[in-house]
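Given below, in the form of structure tokens, are the structures.
First chain A sits with chain B, and in the next complex the same chain sits with chain C.
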Partner chain A sequence: MIELQAAVSGALNGSLFALMALGLSLAWGFLKVINLAHFALILLSGYLTFELATATGLGPIATIVVTAPLMFVVGAVIQLGYERFDVSELNSLLISYGLLIITVQVVTNIWTADFLRLPPEINPFSAEAVGVGSLRFPVPTLLAAGFAVVLVVAASLVLGRTYAGKALQAFGQDREIASAFGIDHRLLGVLLAGAAGASAAIAGMLFPIGGTLTPDLPFEWIGQVFAIVILGGIGNVTGTLYAGLLVGAISGLVAVVWTPSTSPFVVFSLVVIALVFRPKGLFPQKGG
Partner chain B sequence: MRRRARILAVVSVLSVVAAACAGDSTTTTTEGTPGTTAATDTTVAPSTTAAPSTTAEGSGDPIVVGGTLSLTGAFAATGAIHKLAGDMFVERVNEAGGLLGREVQWNLLDDESDTANIAPLYEQLISQDQVDLIMGPYATPNILAAMPVAERYGYTLPQHTAVLAPLMTYACQFPGWSIGPEPNSFIPNQMADALDSLDGAVSTVALLTNESGSTAFISYGIADDPDDPSTLNILPERGYEVVADIPYPPGYEDWGSTAAQVRDANADLVLMNGLGVEANSLIDAMQQLDYAPPLMFALFPAPGPLLGLGDAAQGTLSVSIFEPNAPILEQMDPEVGEIVDEFAERASAAQIPYTVFETQAAASWNAWEILVQGVEGAQSTDGQGICDSLHSTGADLTFSGAVTFDPAVNNFWDTTEGLKQIQGAEWVMVWPEDIAAGALAGPTG
Partner chain C sequence: MRHKGWLALVGIAVALVTLPAIRHATDFPMFYLIFLSGILFWTAQSTSWNILSGYSGYFSFGQGAFFGVGVYTMAVLFGRQGMSWWVAALAAGIASMLLGLAIGTIAFRLRSLRGEIFALLTLAVPFILASVARLSKAIDGGQGIVIPVPEAPSFLSQFQEFVFFVGGVVALLALTVAYVMQHTRYGWALFTIRDDEDVAEGLGVPTFFHKMIAIGVTGLIAGISGAVAALQLGFVSVEGTFNLDVPLFVIVMSVLGGRGHWAGPMVGAIYVYTLQNRLASGGFEGWSLIVLGVILVLVMLLAPQGLMAGFRRRPWLSAGVFVVVFLGLWLLGVTTDPVTSLAAALGVTAVIAFIPGGRRRPELGEPETGPPQEHHAPVGDEPVAESVGSGRPLLVAQDVVKTFGGVRALRGVSMTVHEGELVGLVGPNGSGKTTLVNLISGVFPPTAGTISLDGADIVGSRPHRIAHLGIARTYQIPRPFTSLTVRDNVAMAIMFGRDPLGLDASRRAAVEYLDLVGLGGRADALPGEINLHQRQLLEMARAIATRPSLLLLDEALAGLNPVEIDNAVDVVRRIRGSGVSIVLVEHLLRVVNQLATRIVVLDQGMELAEGEPAVVMRDPAVVKAYLGRQADAAGE
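Right, the complex of A and B next:
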């Protein structure tokens, strides 16, 4: 039973990482931008959630009314910058790493490096769980799973059933040919980056709900999020969710069967194996 | 395709490096050149016990104390406490006439919480800036990195918080916070002493350990020596069964799984040799499973956030060398109360969330007092002279009393560390009984 609970808790935790990975995977897959600034937007959103909730008494979930549009704009502006300066895929990694470091420092200067935590009267979710039989589903990660499913379904529908989505897929496969067919890749890229920014706002909102904020959190996220992006398949939204759940469940299970210290070894071994044998991820898309 | 594979490889390497950096808690999380944030040029003031030199003439060049603190990065929250305590101390020294009649200036650099920056910055302070004295950085790995530089140049190194006493082998390093020469023996034995007083209310223990240096040292002793004193060895010897032993990596996130393991172990005491807000995360995760352990101990927690958990953290134990509880303050010099109050006021102004002058600030104050008293004893800023003076006369510390330094035990003095417990809205010293401000509360439920 403990193994099942650990796998469930781990999978739900993994869904939070999948939510963080979603925007990164889309930008990398379709825009050829490895946008580490995505972590900066998540961090900033977490702190803005904290600030809005504590200053105005707004419920933490409701803060996405403010943070999601804001991060949409920020994400779009960053993409405009990449477009304007014709930043290559590899250079985007380095530039966005710089943006991440700058953001971490700005956050530190504004909110200090100390631990920040929403008080229980504002955040009733942190210690709550939903029980099914003897299994417990922690509310903060259950919320993450819910948002992750909604965003993945929405992204899949947009990508698969709309002109914009199909255009993005075409652009992701071959920029020149797609442009030759009249696809406005700049506009689509900016919209996609904005949507990724909005998803970062949702992921960021979940961190103060589930725990404690510190400015150096992104450096704890990067490893696991990239593992999920790579295992899920770059640009593969449903694969990202599956990979998040899988990585989380495996981590949880390994933690109780062996020790928590073994989990990173197992997860990153999986990444290495996937890179060698399944470079397009564990969940390839049809025709991909 | 080849290009994509190359990028994937680069990203994978970066991811692993980032994960490792997060794990070490020493990652450079800030921009800029290390050391450029020379934050303070405050002039140090001695404590009440570090009276100004009687030979003070009020003339001559300032005495410059060089040092680094983690003003940004992973350790910045605690670095801010040490900076404030240092600022206050330096100001008091100068208000009292300076040191050897000279003004004291603190040349403080930002090490960005990055251990790799420590040695170059101390080299810079000593060889280029030619500071007269040095003060150690914060956090055990950083102090360990500064120690060889101090030794190479013959500087005395007072340091705030190094826990790994057996590794602090430089004869002229002097700890401001001592858990004795064997913290890996002292802490579990003191814990067992306290548990013994609860008349059998605790018999089983679930041990959780952050695998970073200082916490793993307390749980498992020196690596590769299974017979070294450790929590895992001592508690069973003292009659307490360790029913779960769960090591976890630094930066660990999946507390839900671990909480399930802890719940399954159903121990009387959850003993968490962890850091920062890990205890908060575990308590949250245990609550989500509808589980609250009868008693909990957290070794080096962030005290403010744990206190902020309210009822969920009631009764949680930790270690401390000083808590400003009213019964304790009543027994101390009135100036201690003034220091505590001023610190709270200035910490609030500096936006430090937890404004209580407790272990970290007291350790900082101790380290500065050791430095000042060493200089006064030697009547010079000569490193060896200061070192010899401290070895021969010890120091009289406002927050830890009179201490002596024996190089045979790496100068780790007889500890005054005790146990504190969350009772109501504050941390209360509860053990040992002779220094307690309140009674130790046993397990609940």
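Right, the complex of A and C next:
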């Protein structure tokens, strides 16, 4: 029974990682930008959530009203910069690495490197849990999973059903041809990057709800999030969610079957094996 | 001009040996020696990073992993086990090299997204290693390890002198390796990989081998340097070792200094280390990572060539300004601390480097001009008889099938090219012509069927093997190495071709091939500075410079105007005159009729017709399938 609990809890945790991976995957797949600054936006949103929630006394979820539009703008502006300087895929890695380092240090200078935790009177979810049969799930984890599923479904509907989504897909496959057919790639790219920024705001909000904040969190996330991006298939929205659930469940299981410390190795080894045999992801899309 | 580099290296070596003695004589403060030791350490680390990531373009965020393996090998073998320090240092280099080779074995074999996945993999590796070290009682166990002061050789009386000397030896090793690589095939292979890896492979560069050498050297140097750093630190911990400093610093140093030049990372190390030192002494520690991040972003966006490119444009001005500002501030007593003078001088010099203009210098090395000595190209004044396919079979492809997912691009094509032939391969768009070229040159293997050259099976061989067996190709859209001059593009093909020459000899021999295609006058231009026609001629020159027996021309005349086409036709004739058999993929039937001794027509992945041009062009099936409404075009 403990294994089942571990696997399901792990999968729910994994959905939060999938939420972080979503924006990266879309930017990489459609804009050809590997945007490490995405982690900077998540971190910044986490701290802003903390700051706004403690300052106003409103619940942490209400802070999205501020952080999501703000991160939309920040994400869009960064994308404008990439466009303006015609940054290549590999160079975007180095540049956004610089942006990430700057953000981490700025956050450290403002909020110090100590752990931050929302006080329980502001964060009503921290101690609550929901029981299903003999399984118990903390509310923050369920919230994270809920947001992840909603956003993934929304993103997949937008991509599959709307003109903008189809234009983006065309653009992701062949920039020049898509541009020749009159697709305004700049506007679409900026909108997509903005949306990715807003998703970063939501992911960032979930961290102070579920636990503590430190400035070096991004470096703990990077490995697992990119594993999910690649396993899910770059630009594949639903694949990202599946990969997040899978990686989360496996690492949860490994943690109870062996020891918690082995789970990073097992996950990492699985990713390497998957990379070698399925470099295009575990869930290939039609025609891709 | 070559000697400048060696002079610089010898100068550094002399300084290493004499500075401790000078310090004894003049009694200058030990602080400066420690300061220089810091620069030497970062020179070794950033040069190590640059050999892989700067030269080959495979960005690594994992320098901390190589460094950390070095640190902990020293800590365990010397600190805990009591081995001698220099044996431990060598072991550290080897351990770190093995880590590099292991990463390379996984990441460098991938078919797609190699660069991106390599970068992300290296991002994750240090964190994995950190948790191994933290958990394993045999390594660290979370407590940290104390490293005793090693017994220094007698001529280095103090510990700081010992650290300075040993660190200097490692830095010198790194710089020498980087310098030698930049001037030999080992570096040039990496430059071509950076510009276009698939093209490099197709020209005969064993890309996997060269990437493994690069990552092995990177690991080796970083490991030894990390081991020496561990000696200097005296105490190592997981948090102090696997943090962000090393990967961030080496990236910023190399990017700022210039990634295409062996001395770039050293220049960057001097700048960044001095800046860090001044920030720390001014009480701005909290800002140092922010400043580095800003430098990284700005240089990547605005001056990706780095400082070294600027200094090479204005060598005397830069050096002069540096010396005047540095000595002026120091000797006039404007600054009390020479490090502040140094920082100011570096800053002013950087401004000069980043002002555009000045003399343009090729990114890599200096072109050697001199009379051609070796006669490399078999440029035939000797006329080759226009015999029509009388030679023995050279290329034999049988029942070749290729499917992509559900799409059947080729469904059982057989084709033979005899020695001396010029076979025209024609067919409508999507008929499988380029797929066939890709299969023959080894870009991907056929789903079924056999392909052999001179009787030897080539299916499954890597493209560089196939190039060495004698097949060369051009690309429909020219893919020159954009950072190399026209001459060097051809020289690369000679260096890695079937009769490989050294760099200088290749550069001289390259002129013959450029003359053969009529590009001799543009040898020193960059590919971006010549027009489409000239780039297509460059494709041909580069292909024949590998000395192929069979040349695959993939729509080498696409997009040309009539005058250029006539010129290109002459060039193809001359190439064939030099004894090369040719497969010409072409849409222009006029050209095919003029040149081909035989025509193969593909349609929907199958061979539709084959034979002499005049006969094939009248075949009703060909007229219907391929020519359609423009049937009269055949009568041109």
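By our rule, the second predicted complex is superposed on the first by the 288 of 288 C-alpha atoms of A that agree within 3 Å, B and C clash if a C-alpha of one lies under 4 Å from a C-alpha of the other, contacts with A are read in each partner's own complex, and residues count from 1 in each chain.
Methods note: a residue touches a chain if its C-beta (ideal position, glycine included) is under 8 Å from a C-beta of that chain, and two chains touch if they have at least 3 such contacts.
Fair warning: this is a prediction, and the values are worked out from it, not measured in the lab.
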Ask   = Is A:146 touching the first partner chain B, the second partner chain C, both, or neither of them?
value = neither
Request  = Considering only the touch criterion stated at the top, classify A:124 as touching first (chain B), second (chain C), both, or neither.
outcome  = neither
Key: Dominant toucher of chain A (residue count), chain B or chain C   = B
Task = Please work out whether A:160 is in contact with chain B alone, chain C alone, both, or neither, and reply first, second, both or neither.
result = neither
Query = If you stack the two complexes on chain A, which partner ends up touching A:99: first (chain B), second (chain C), both, or neither?
reply = second
Task = Give one of first, second, both or neither to describe whether A:276 is in contact with chain B, with chain C, with both, or with none.
result = second
Inquiry  = Let me test your reading of the model: by the given contact rule, A:261 touches which partner, first (chain B), second (chain C), both or neither?
reply    = both
Request  = Using the touch definition from the top, say if A:87 reaches chain B (first), chain C (second), both or neither.
outcome  = second
Task = Figure out whether A:219 sits in contact with chain B (first) or chain C (second), or with both, or with neither.
result = both
Touching both chain B and chain C, residues of chain A = 34, 89-90, 93, 98, 101-102, 104-105, 108, 219-220, 222-223, 226-227, 230, 261, 264, 268, 272, 275, 279
Contact set on chain A toward chain C in their complex = 34, 81, 85, 87, 89-91, 93-95, 97-102, 104-106, 108-109, 219-220, 222-223, 226-227, 230, 234, 261, 264-265, 268, 272, 275-276, 279-280, 287
Inquiry  = List the residues on chain A that touch chain B in their complex, please.
reply    = 2, 5-6, 8-10, 12-13, 34, 89-90, 93, 98, 101-102, 104-105, 108, 112-117, 119-120, 126-129, 131, 136, 138-139, 141, 210-212, 214-216, 219-220, 222-227, 230, 248, 251-253, 255-256, 259-261, 263-264, 268, 271-272, 275, 279
Ask   = How about chain B: which of its residues touch chain A in the complex?
value = 3-5, 7-12, 14-16, 18-19, 21-22, 27, 29-32, 72-77, 79-80, 211, 246-249, 251-254, 256-261, 264, 276-277, 280-281, 283-285, 287-290, 302, 304-305, 308, 310, 312, 351-354
Note = The chain C residues in contact with chain A across the complex are 57, 59, 61, 106, 109-113, 115-117, 119-121, 123-124, 127-128, 131-132, 135, 244, 248, 251-252, 255, 286-287, 289-290, 292-297, 300-301, 304, 405
